[in-house]
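Okay, so chain A shows up in both of these, paired with chain B first and chain C after.
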Partner chain A sequence: MAETTLSAPAKPAPNSNRPGTAALLLNNTLATSGLAVLLAICLIALAAPILPLPDPDVTAPANRLLPVFSEGHLLGTDHLGRDLLSRLIWGTRVSLAVGLSATAIAAFFGSLLGLVAGYAGGRTDAVIMRGIDMVMAFPYILLALAIVAVLGPGLLNALYAIALVNIPFFARNIRGITLGLSRREFVDAARLSGKSPVQILFLEILPNVLPVIVITMSTTIGWMILETAGLSFLGLGAQPPQADLGSMLGEGRKILFTAPHVSIIPGLMIFALVMSINLFGDGVRDILDPRLRAGSLTRPVSRTAVERDCTSVPQPSSEDGVLDVRGMRTEFQIGSSVYKAVGGVDLHLKQGECLGIVGESGSGKSVTAMSIMGLVPTPPGRISGGAAYLEGEDLFAASNRRIKDLRGGTVAYVFQDPLSTLHPLFTVGDQLKEAISTHQPLSGKALTDKAVELLTLVRIPNAKERLSAYPHELSGGMRQRVCIAMALANDAKVLIADEPTTALDVTVQSQVLTLMNGLRREKNTAVLFITHDFGVVSALCDRVAVMYAGKIVETGTTEDVLSNPRHPYTAKLIDCVPVLGQPERRVDAIEGRPPVVNNLPDGCAFAARCPRARAACRRGEIELEMTTGDSGVRCLFPLGKGEDA
Partner chain B sequence: MAGYIAKRLLAAIPVLFGLTIIVFLIMAMIPGDPATAILGSYATPENVAKLNKDLGLDKTLVEQYLIWIGNLFEGDLGRSYTLNRPVLDEVLERFSATLILAGTALVLCSILGLIAGIISAVRQYGWADKAITLLVLIGISTPSFWLGLLLILVFAVNLKLFPVSGMYAIYGGGDLPDLLHHLALPAFTLSVVATGVIARLTRTAMLEVLRQDYIRTARAKGLSERKVIYKHAFKSALVSIIPVIGIQAGFVIGGAVYIETVFQWPGIGSMLVKAISTRDLLLVQGGVLVVAAAYVLFNLLADVVQTLLDPRLR
Partner chain C sequence: MNQQSPPGTGGAPLLAMTDIERVFGGERKLFGGHNPAVHAVQGVSLDVKRGETLGVVGESGCGKSTLARLVTGLDHPTAGTITFEGQDLGALSRKDRKALASKVQYVFQDPVASLNPRKTIRSILEAPLKHLTRLDADGREKRLADMLQAVNLSPEFLERYPHEFSGGQAQRIGIARALAAKPELIVLDEPVSALDVSVQAQVLNLLDDLKAQFGLTYIFISHDLSVVESVSDRVAVMYFGRLAEVGPAREVFRAPLHPYTDLLMRSAPAPGRHNLMSEDAAAELPDPYNPPKGCAFAARCGQATSLCLAEKPAPDAAKGTDDAHFAACHHPLAPAEAVKANVAPDTT
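Let's look at the complex of A and B:
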């Protein structure tokens, strides 16, 4: 627990609006009802000795096979005239006790093995895990049967068998977690402070592993109850006169056709028990498993949701642009907070023009790029305002079908990391051909030829042979060339490139940039180029827009902005670029961090980091002041010519 | 590829040997003296000693194992004393019946599970997803032996749609339609739990894959949502689902023990249960060994299929 004490002061209650574990559990209706049923069953089973029940083992041949709701026997009687309700409750007691004991035994020994194997590592780990693998090579129930065969039928033996075959599940899970934890700093710290391995294992690691043990228990206990009941059903568990739910079911089976209630009732009880445990267990797992808790497993739909006020959709500017974005806003709804990633962005792009969007990570530049064709995942994203016109057509009002046709056809994308953006299980040829054939009626040889032609266009040697390569068989630069080829497949009018060179190393970067620059001039494609690097902008872009906290803070021709930045943020960004041949130049990182976009300050978002900020900067909305033609700056006190920020 | 399969096959050999050791040891650990067990408590010490010698029980454990494994290679798993026939013959005959049942159930649960999982993921939080999630939960919480009894009551006894038990009709049966008629209820019952597990996993796997960057690429290319989901996402999801189907094979074969008992299917599961209660341990040993070996081979197959799907594993 050293970990939590160390990190606690650094994070002052970041999740104060997150409900606690118990509250979360109670919010989950299914889990709560599971818990309620489970508690009810447990209470009744516990109270069996004090309930006014007839002796479950007293036979009364005269009253045999009474139906349900008979007088004095609410659930009827079995083939020996024993009261079924009483037997059911006492049997549930046995089944619960056996299931819980088996789980406890399996959890204890399994966790112990897992902790030791994960912490000791090396040979101990190898020996233990090989043994575990060996046991897991058996079908689970079969191994339990073999063990019962050796020990002989009986409830206790069935319990041991089920516990034993479940040990590997715990050992494996716990070992994995322990392995990860034992490399962490707080364990090193404990080791240096002279604690013994046993102390470290039980005082430092065990508390952190406990949630995993609980999850594994909650997911296996239902199984164990089922399996022990199964063994009893087969006659290998509880032996008469002792009865658990399984053996009651097994006995009832012999008279299934004459008195079905004798077998249906105990089966129903097993089902209710296991179902309530599973409901509750799922609830516990959802809460303790942080991946699910973050809600990260929500399926994004094919297109970003558009929720804008239709009465105030901005009109396209009169210019002859290919792409015209007006006042676009994109938000992310995470829990109860709204992150305004893009807060009203205007962009326009003429044919053959290259516009660079520059900003730090988190400035909203990628979201801007994705929003245009609705590629921001929903949930949690949504477009909440503005418009994007493609040759005069409002993309946010277009039908899904229309968007699908435009994507890859008129507007093509190149993304950042070519390893994760290419499908790992299809050859690059297949992916390239797919990009072509989605928009062009080509097939067979013509399709292959076109694919080869495209690969040759992006200067991939041996294009024909490369078609059958998988992405992981190519270098990073080659993969990005493939992505560019895919984007060029249908002579798109607009190419949106989202940091296409960031994941590549420097020499490859310049090759890819040169290639893109040549191709766009050749094909007269409009390019929206997202980057954080002013060096790249100067090499490629005609104009540039600088983004900060979801807004454009400065825009103008590349030359103007680079030689005479007017927003202090732009100036600082330019200062971040090292210049070849000027080793004495200071390369400064900008101090501080960009603001979190769910809680933007009033006034200029950069004020907190700006050396020139004054009181006026922290008030009201600051407009993007357009000066000459395409130039503009969102600053009350812009820099003069040659002035340093 | 062929090299990879050969390598996997070689790697399976030590596992199979390990299985024989475990099975041998389990039987060697049986408390009590087998000779006394066979001859009864009135046996004279001389007779016990003689039988021990005949059974090779006076040798060390290692020698006994070597003899046993030697016999195994010759196809000799001993003789069942209750059935008075070679264990191997009985086991293989029974195992083919189990393979029919478990194989059908496995195909059934793979198909149903995949379909349910995909629908659940595609319609996440919709009514179909909620219905499937609930059904899955019910499915994996239902004792299969009890479900079997209920199905017999409803579909065999009341509706008379299917036979109550057995593998073939006693009179005039024996052909494929007859087999399928008898197979329907037990195979369905056996597949329920595994269907639930596979459906759950498919849902998670699909949801995980649908968040990947390459799915965004597929959408940016202008692919139809159908292609994005059923071609791009499903193929990736399948890679992580195949091993789970391999593991489910073990649960299905194990679960067959109950189902064969309920439906009186003449498979290896019902044979094992009977052999355990009659303490016919050679039969238990042979049965466990054959089923475990089949399970190992099946997982090997799952590995190979996974490798075929995922070029990165080659």
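Let's look at the complex of A and C:
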């Protein structure tokens, strides 16, 4: 759900001031410091030949085991009198080179195997992946030892061994991603464009897998350096006199107690190197993670931030009702631009009443629904004004604890996609029972009975047996019934339903709508029903509010609005949908697109697409003019009775 | 069924499906027996005439998307044949995928997912031109410009990436890609269901214009009856992998023969309609792993008799007033029943 609300305001302006890759990385302190340390180490290692260092391999038994800060030997000398600083820098150079090349080799072959296995599927996949499984069946160090034993010790052989044992890691990762990608529609489209399988694999799929390869590489290099050091430590990698962090550590081990600095210095270097690479790798991963690309570097908190001017909180309206929303504003801060997703919405709901909010995607209807109980993710979202009163209590001023109690209790939600709302690993019975026991002190048999009662209430046949079903075992309609049962578990006074039937088939939709209609009358629940479909509104809602660019442009009883729309947008929205039984009618499209909510025009937001717009429409703020208690329109030149837009 | 295809379609069809079937699963297991098999499409015989729009309606899981993939050669039927201009489609696509792709194209449901996020619009639109036509660089450039103009997109969009487009624009790009190699038949798989209603109307009108302009034939797949009614010349209603009803759009919607078509029509919400038809909650699709012996709809049908439970109705068991109007139903709905009596001598 959060995804749609987020993508709606974010989509229209791709070139807005979103933080770039570099800015995002610099924002992450740990990753930046990792990068700085890594860069420093790399620069020093690269500069080794031009630095005034003594030859790392020249022994001088007279000067053996000099301590740190000795004359001419900054870090002292080892048991053969070789300069430790020089050996350290040259050794780091070797370790880095081996780590990088092993990673590159493993990434190349692993990714290739993964790509082919994932795309080809079937027998090819089975053969490749079973081969990979065999490699993985041995502990990596054992396998590396075996390989080195066969090839003979030496740095190059250690490199091959390390690369080989890491191929499965890449292959498995990449195969999974490829498998998912090759079932995507753009791959079918490429096939229909006449591309050959090889072209599809390397020109269509590979570019999409590349970020994952990079991420995997960045998190593996550190590990590879460690493994190389491990082999060298065992004397199977770099051979004397060549310096390498692992072999230095191995040589120092024997004199750990007499001259600890000989082993501590390379140990610290390994630590600094691997740590900095991992920190930087994590930073890279976070940046390439599309969720974080939206501009927020912290995880959303449990409740939307409220940043409103406390002096101008609107009072509840005089009408009595369960839910009363006054002048609610919700914004998203993405980069330096502010998307005003909801720009001052007034709603009120009486007990047992059903209010439909109709609008297209990006009109702010879902954000309105989510804002009421603080479900808009922060960051980037925040409530920047207005109030929502639940039976007189200001929800935006309530404590987090209070909101937690109300959610799923007095105010319950039903979302669009029941498959993603229900947890796939728990039975519907468990989830239903959890919804009940969070708010009611029931347990054991009483809890089960209540769950069965709820499932029966939403007309699920064999309720008792269905309790032990997992969500995937139920059809879409049944799943949505379970979600409705969960919403009703604690006798909610307000039910907020966000496109609950959009994902359902039409015959199932009519079942669910009929069910909801029956239940709200039975339980006298107020329903806020969000949809894009005037047909659904007709079937269920007493009143309707039409939203456009974050504002309500028209409201009234369903019958009035449908038979006699007054805002040109409402009229056009009704007209542009084909109606069953009228095939001759050419649907009347609304030209143009809704405005972007980070850059709303002055005056009426619909003016640019409206055939009746005049100069006055493009100036100032246009108020929602209420004609009677229930109906109103935000238009200077509303349509008369029977007039066409 | 033994008949070739429902008669009354007249002339040589552009595309003819004869008794096609697509089974998923059913492979032999390692230790004896077979994996469970699902018949996604079964016993479907359907013709598409040149220049018409055939609407295919049905709910999720009825096999309409599988049908679309079979027609475009993205998948192959496990039984039955599909011919395109008299040539066997299976053989054609195995022999030369490109030959088929240049004649039959596909427009996907999710416009954004059907565009590779890492490719510019130019490279997406050029792919079919490069691989399916013999155009040189200049010819391709010109065709690109023509295509963009045909779908009302400005040429500056060529250098952009798919995520920069709204759903409606992305679908126009998808349509332009399908048009690129000048196909004769375009399969539109739910082309507007992911779009906002105001954009949906724009795309429907665009499709209508393009069809007239390029003399295209459409197979228009959708779950939305009102959309199908507004675009189709003929309609095929699918249920549980089989054809429930086929006929001229107007006839099918005016006087549905099959109770399922009737149920669909009465379930569809429409502005100003208060009482939706609603069945009992027990009314679910039959289990695909354990398909019923008789009519798949019998369990949900008010008119079902023991005959319906015992025997599958032939695709042309019931006939409407129009010669081309058929339904797979033992007990078609009343208005047609009366009409059927009048034309009784014609029925077999």
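By definition in this document, the second predicted complex is superposed on the first by the 443 of 645 C-alpha atoms of A that agree within 3 Å, B and C clash if a C-alpha of one lies under 4 Å from a C-alpha of the other, contacts with A are read in each partner's own complex, and residues count from 1 in each chain.
Note that in this section a residue touches a chain if its C-beta (ideal position, glycine included) is under 8 Å from a C-beta of that chain, and two chains touch if they have at least 3 such contacts.
What you see is a predicted model, and the numbers here were worked out from it, not measured in a lab.
Of the two partner chains, neither chain B nor chain C is touched by A:98.
Of the two partner chains placed by superposition, only chain C is touched by A:576; chain B is not. Residue contacts after overlaying the shared chain place A:528 against neither chain B nor chain C. In the superposition on chain A, contact of A:158 is made with neither chain B nor chain C. When the two structures are aligned on the shared chain, A:406 is found in touch with chain B, with no touch to chain C. Taken in their complex, chain A has these residues touching chain B: 133-135, 137-143, 145-150, 153, 222, 226, 229-230, 233-236, 249, 253, 256-257, 260, 263-264, 267-268, 270-271, 274-275, 278-279, 282, 296-300, 302, 373, 375, 377, 404-409, 412-413, 415, 417, 420-426, 434-435, 438-439, 470, 472-473, 483, 486.
Contacts from chain A toward chain C in the complex involve residues 11-12, 14-15, 184-186, 188-195, 204, 207-208, 360-361, 459-461, 475-478, 481, 505-511, 513-515, 532-539, 562-563, 572-574, 576-583, 585-591, 593.
Those residues of chain C lying in contact with chain A across their complex are 59-60, 72, 74, 97-98, 101-102, 105-106, 108-110, 113-119, 127-128, 130-132, 163-164, 166-168, 174, 177-178, 180-181, 196-202, 204-205, 223-227, 229-230, 249-250, 253, 263-285.
Of all residues in chain B, those touching chain A in their complex are 15, 18-19, 22-23, 26-27, 29-30, 121-122, 124, 137-138, 140-146, 149-150, 152-153, 157, 204, 206-208, 210-214, 216-225, 228, 232, 235-236, 239, 249-251, 253-255, 257-258, 261-262, 272-273, 275-277, 279, 281, 284, 288, 291-292, 295-296, 309-312.
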